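One structure follows; several queries about it will come next.
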Amino acid sequence: MNSISKYFSDLFRGISSLWAGMRVTGKYFVSPGQIVTQQYPENRATLKMEPRFKGEIIMPHDENNQHKCTGCGICEMNCPNGSIEIITDRVPNADGKPERVIDKHIFHLSMCTFCGLCVKTCPSDALAFGQEFEHAVFDRHKLTKVLNQPGSSLKKEAKK
Amino acid sequence: MSEEIIKDVIVRENEDYIINMGPQHPSTHGVLRFEVCLKGETVKYLIPHIGYIHRGIEKMSEAITYQQVIHLTDRMDYLSAHINNEAVCMVVEEAMQVEVPERVKYIRTILDELNRIASHQLWWCAFGMDLGALTAFFYGLRDREQILDIFEESFGSRLLHSFNTPGGLMHDVHPNFQKRTKEFITYFRKKLPEYDQLLTGNIIFQERAKGVGYMSREKAIAYGVTGPSGRGSNLACDIRKIAPYGAYDKVQFDEILMTEGDTFARYQVRMAEMWESLKIIEQLIDNIPEGDFTAKMKPIIKLPVGEYFKRVETARGELAVYVVSDGNKSPYRVKFRSPNFSNLFVMNELAAGGKIADLVAISGSLDLVIPDIDR
Amino acid sequence: MNTDMSSKIYDFSTLTGSIDAALNSWMSPGLAVLTELVIIGLVFLIFYALLGLFLVYLERKVCAVIQNRVGPNRVGKWGLLQTIADLIKLLMKELIPIRKADHLLFILAPFIVIIASFMAMGAVPFAKGLHVLDFNIGVFYVMAVSSLGVVGILIAGWSSNSKYSLIGAMRSGAQIVSYELSVGLSLMAIVVFSGTMSLSEIIESQVNGWWIFKGHIPAFIAFIVFLIASTAEINRGPFDLAEAESELTAGFHTEYSGIKFAFFFLAEYINMFIVAALGATVFLGGWMPLHIGNWEGFNQVMDYIPSIVWFFTKTFFIIYVIMWFKWTFPRLRIDQLLTLEWKFLLPISMVNILLIAFLALMHWHF
Amino acid sequence: MLNKQELSEIILKMVPEATFPEGTQLTEVIVPAEKILALAEGLKNNKETAFDYLISLTAVDFTTNMTVVYHLDSTQFRHLIVLKVVLTDRENPLVDSVSPVWATAEFHEREVFDLFGIRFNNHPNLKRLFLEDDYGFPLRKDFRDEINIIER
């Protein structure tokens, strides 16, 4: 006899478990307020990324187009996959002695894995993470960026 | 493929009915190919083929410094990226006898547990989808977004976060990290019962999962299956209990062990582990000690000559890092004992005799991440 | 008493009668019948296509809201043109010929599936008087025709020369054949109650209350069995083993592309509509408004809602329940599927038929 | 839970030629190649040691020799031990396979064969795991591949 009662108890337990699952989906069907989708292209104006978001590597320039990169090449050494190339040249400074100045700070965004070692190990904190994340381009070479803007120069400050 | 392999496949082909599940297949969660020999619906035997995503991480790490190896390891098991990074950092710290500040231990353990919950959530989504409950996928991902936002706010990246460096953390956690984590705990405590209501209690799900893919404790030990998959067969292999690291010795949590050893047992272990992780975070989140977020470390790290070994409990099992150092700034040899590599090869024993649908359920319950297998 | 009540419901046969009279006045009777057939064919084709597209859109929206997403909202006002865009895309897709496939059968399979659902659509009573084929064996006809679809699926699985589709076809063959038993038995329950097999007479017999209320417990059991078995019959919900995404990628229609895939896709949704319409007609009284015993006022008010609205609300309610099944439950394994049918549904519906026959004999139903 | 002293006594009883290097993080044992299978079975079946869990089997190329490293653990006592087999022959390194003792060794050994070229005799099916057949053995120190690997 208990096999028959087990048969029916299985049946009702099964149906009640099915109904429990349907209650969950039913609850979400009747509450469209829970929809979490963000309409990405439309909400581009209001979309603000976190301040620490690792979008890309940038070299911040202040108002009179000066940056802090001395061209020492420590970031180039620390980059695991060689996505930074520093080109420096010798320019005689104020008192005539030739001094190393950064010419081009080439950054291959296509090879960068955002590990952040360059930003961390830079002695003069010249690099930082930008929040820009739309990097889709049609031509691969556009991904090779020169971080120091043309006509920018080293920001002179009291030696720490 | 050389002729010998092609000839070998042809010979096997005309005897048995062989289908290839993978490398592009919805339920292999990555580029893994199962060569399945079928008799009608039942599986006779199964040969896993791997190597489609072998990047040679161990070879690469012989050419780069210890800090740079860190961000290679979170490309191995990308769902427990933070735990992998922490493993390598701890090997280096122990080798250099550097004492990490208390604050770093607390933060690392909280982030490990958040990472474990996020990984179990994604496992729950994929497992539900494998068995056909497509809605489970979206509920799991919706809740996982909360954790990824917390990570994004503190680390800057959601999945692969190189936040650990030997000696401590890259920078300190975000000021409202604690507030958001506590919000997440209360939020997720309301959502977890819904997971059980939707899938665990469901009679169809239980029929699909109970009694499928039984793995005895001896077989688990023989094949080196660790993590929740091993604990489903009553194998106490939780490294957080055996060799506690970080702040695990200051926390009360119990190791979930199931005895049935089938797919449903492994499922229950992971579901219960989510509750445990919430408990661990709750005990730690309020008393993170003050202090600096990294110990003083020289820029070039050179490990003293010798061999170092560290074991860590990732979301999928035991990750062991074995480093041989010859004194200069990049390791002489690094071996990552990845949990998925051993968990994978028990598939043939579990799937033989079952149906194709069981094969999908078993591979889902073993929670395989393929880049961790190939390294 | 019930004749004058149903007279107040708008009768489409007046409309069809007037068209018939107009046609006969213009041309010879033979030609009139021919043009009527052409008109019915055209109306059906347009209705078929629009309904298929709308159901696909409805499913994607329902599933989206259940899963906390928005669903298609880019093409057209609320994404309404999405399915039309999909259809055009599928029309433009190249029909990839499969090497070493059995070409005749490969092309024939989608047509068999479409024809089967077309023929079944003919016998559905859309509203009072709006009924294309009113056989006196309506239920039997629909059952027979809907089992033609499985032949198309088997041919598709076999002829596309791929292991996955062969497994998918074998699975769905076993599934549909065994679930037709329970669908048949659950429809039989109401045929025993109403005494006739013709769909319009079944609806007439529900004038003083739908069978699901009049037949109380056994009719409710038959309705539940019908819902489960018909979801399995159309390869949907927890029983979609034929095209199980996670195991067989796409089952029997893996190799199909372009419009041939669209045929399978559309046929699945039209089958869902047919099954829902059949359930609504037999259990929930088709286009018959909700009448409760002798509450005159209430019945009068119910009659003002046109009968076609009644039919479509009931059908779309059942369609929603079928969709609700699909987006909640995991998939059954092939052997569990068959044990569910042979060990649970079949005995229950057999006992149910005995119970109903006894009730009908003793007139204990309302 | 046995400490280094007790473990070394038990091992010396089984394999007299075993040597125990000092100053290592874990207890290490260097064993001659032909004795490894016997020691493996002994350590697994011995009740006090019960090393039934092979954590990992790997190899290190010390240019002068190739060392196969076995990390063992016991699920009962949770004490760790590291076995090492030193192979001086670089052209055809050969060692007995321990897959009869631990099932997971079969695949670890295939990986070591794939990356180092160390052959394991009476291994059930010694084929490469990751790479094609004509590719060399990448983890050897003398491996050169001009196309893919850039020497920095």
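Descriptive notes on the structure:
Every chain is named by a letter (A, B, C and D) in the order it is written, and numbering of its residues begins at 1.
In this text, contacts are C-beta pairs under 8 Å (C-beta built on N, C-alpha and C of every residue); 3 or more make two chains touch, one makes a residue touch a chain.
Source: prediction; values computed, not measured.
Common neighbours of chain B and chain C, by the contact definition above: A. Among the remaining chains, the Cα-based centre furthest from that of chain D is the centre of C.
The geometric centre of chain A is 24 Å away from that of chain B, both derived from CA atoms.
Distance from the chain A centre to the chain D centre is 42 Å, each centre being the mean of its Cα atoms.
Chain geometry summary: the mean Cα position of chain A and that of chain C are 52 Å apart. For chain D, the set of residues touching two or more other chains reads 152. With touch defined as above, residues shared between interfaces to two or more other chains in chain B number as follows: 135, 142, 198-199, 202, 204. Of all residues in chain A, those touching 2 or more other chains are 18, 21, 24-25, 36, listed in ascending order.
Looking at which chains touch one another, you get A-B, A-C, B-C, B-D.
Interface of chain C with chain B (complex): residues 63, 66-69, 163-164, 167, 171, 238, 240-241, 244-249, 327-336. Those residues of chain D that touch chain B in the complex are listed here as 23-26, 28, 52-56, 58, 60-61, 69, 71, 75, 78, 80, 82, 102-104, 106-108, 111, 115, 129-134, 138-139, 149, 152. Across the complex, chain D is touched by residues 1-2, 4-5, 50-51, 54, 56, 58-59, 63, 94, 219, 221-224, 235-237, 242, 306-309, 311, 318, 320, 322, 324, 332-333, 335, 337, 341-342, 345, 374 of chain B. On the side of chain C, the complex with chain A involves touching residues 62, 65-70, 324-325, 327-329, 344. Chain contact summary for the complex, chain A toward chain B: residues 13-15, 17-18, 20-21, 23-25, 36, 50, 52-54, 78, 80, 113-117, 120-121, 129.
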